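Have a look at the structure that comes next, please.
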Amino acid sequence: MQIVLPKEEMEPFLDEVFPQVKGMFGIDRLDEDMLVMRLFADDRHLRPGGTVSGPAMFSLADVAAYVVTMSRIGREALAVTTNCSIDFMRKPKSGRDLLAHARLLKLGRALSVTDVLLFSEGMDAPVARASLTYSLPPKR
Amino acid sequence: MQIVLPKEEMEPFLDEVFPQVKGMFGIDRLDEDMLVMRLFADDRHLRPGGTVSGPAMFSLADVAAYVVTMSRIGREALAVTTNCSIDFMRKPKSGRDLLAHARLLKLGRALSVTDVLLFSEGMDAPVARASLTYSLPPKR
Amino acid sequence: MQIVLPKEEMEPFLDEVFPQVKGMFGIDRLDEDMLVMRLFADDRHLRPGGTVSGPAMFSLADVAAYVVTMSRIGREALAVTTNCSIDFMRKPKSGRDLLAHARLLKLGRALSVTDVLLFSEGMDAPVARASLTYSLPPKR
Amino acid sequence: MQIVLPKEEMEPFLDEVFPQVKGMFGIDRLDEDMLVMRLFADDRHLRPGGTVSGPAMFSLADVAAYVVTMSRIGREALAVTTNCSIDFMRKPKSGRDLLAHARLLKLGRALSVTDVLLFSEGMDAPVARASLTYSLPPKR
């Protein structure tokens, strides 16, 4: 499905709708196949031992699913997460950025479903997987 | 990770541990990248309108995650499903076999995690996605 | 929220929309607090060792969430499950009926969310828990 | 199951293992039936409009499941979340603390399963539900 809100427009849109996380995330790639989104390694999100926390991994998966959905439907700040299931599989590497590889599996009238794999930059095996459902505003 | 229980040995093993579903499933492909498993279209699993039911989709995802796990650890009939999250996204096509594309995301000491996409044969868009955790017997 | 489709009308409605599972389930209780639904112990749903299978547990949770939702919105055969997460926690007792205790957590414009605990009859500890989302047809 | 790490010992233990969230959470009640845990309303966790964010809700559910588990097995900082499924059902009320009502559904050799309902203080209907699995260190 076609991208209607490309990377260059998505970044300022995110800063506008989520000013409280400005500077926390970056978009490496956004095309019809996949979004690659980055959580910058930053002390605020670390557990003792220096790894990224569970809530920070959830945040990245959630914002990635939002970006994937918005990229197809355009500016709809009102879309809300209704469900997330997440499996934490490995310890993230200390001091590394976290990367989300997100794919849109469904875009329906009322719901989108996105699949996300999370990686510590430079590691082959995923640290987590998540699937997220967004509820979309009616009559778009 | 290496396949220790290949397709030729997996099929009789399944018939042995799950005699009640004998003939219900087939293995199209089993290698280190992916398992492709098939639920034969069959009246028992149909809803009115001829589509595969939710429980039949769950069954296929569950047995696919079991096969993927067993293919790496060998015959361990005692592994049990501890968690499944499943998103039903599209209506399966009537009269078509259902195919599971399953990938092992993690094989740990105590748990395996498998990701599954379900397709009606001949359709490009998945009808469902699932992730399943199996608890593995100790001291393998 | 008020029950608009009580137990006496729900049972024939289920037989009408799901004829393929006629006789498989019964309703013990249906009121504003809780639905108690029963899967009759029956050889078809058993694994070796005589316990209820995972797919049979999924089926009971799924139909219970459907009944809880329909009891509030009335006859809407078109509601569909969009998500289920299920934790299998204990082995069901052999030869016992399986009971679902289901509670409606949300009934919105587009979605319902139901929480289900599954018990082997006569056991105190739950064998499984599930949460299910149904997508509801528009403009009810 | 008996509480071996009561409220008075849990609070300093949490400060010790999660110093980065010190002051963010409080325990209202901890007994064999239920844990009630509180996320103090605080600008850091708010979205535009003043409501608690999804990641903050996830954090509260996650720490509540950890506390419920630790309260039965004692000080085991190494337990890790392996799975979470969460349904976001209503918008939290602006400016209110968020309360988690958490119940331990299973404590096994290798895993615990906890069910959590999240409420905006003073509201009857839950804003979210979550279930979380913790993997427990071997040979306790």
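For reference, chains read A, B, C and D in written order, and residue numbers begin at 1 within each chain.
One rule holds in what follows: a contact is a pair of C-beta atoms (placed from the backbone, for glycine too) under 8 Å apart; a residue touches a chain by one contact, two chains touch by 3 or more.
Predicted, not measured: the structure shown is a model, and the values here were computed from it.
Asker: Looking at C-alpha means, what's the farthest chain from chain A?
Answerer: So the farthest one, by centre of C-alpha atoms, is C.
Asker: Could you state the distance in Å from the CA-based centre of chain C to that of chain D?
Answerer: The computed centroid separation for chain C versus chain D comes out at 28 Å.
Asker: Please tell me the distance, in whole Å, between the geometric centres of chain A and chain D computed from their C-alpha atoms.
Answerer: 23
Asker: For chain B, write out the residues touching at least two other chains, lowest number first.
Answerer: 82-83, 85, 87, 89, 133
Asker: Indicate which of the five shapes (line, ring, star, complete, other) describes how the chains touch one another.
Answerer: Basically all the chains touch each other, so complete.
Asker: For chain B, which residues are in contact with chain A within the complex?
Answerer: 85, 87, 89-90, 105-106, 108, 113, 115, 117, 125-126, 129, 131, 133
Asker: Tell me, which parts of chain B touch chain D in their complex?
Answerer: The touching residues are 82-83, 85, 109-111, 133, 135, 138.
Asker: Give the list of chain B residues in touch with chain C in this complex.
Answerer: 17-20, 44, 46-48, 53-56, 58-59, 62, 80-89
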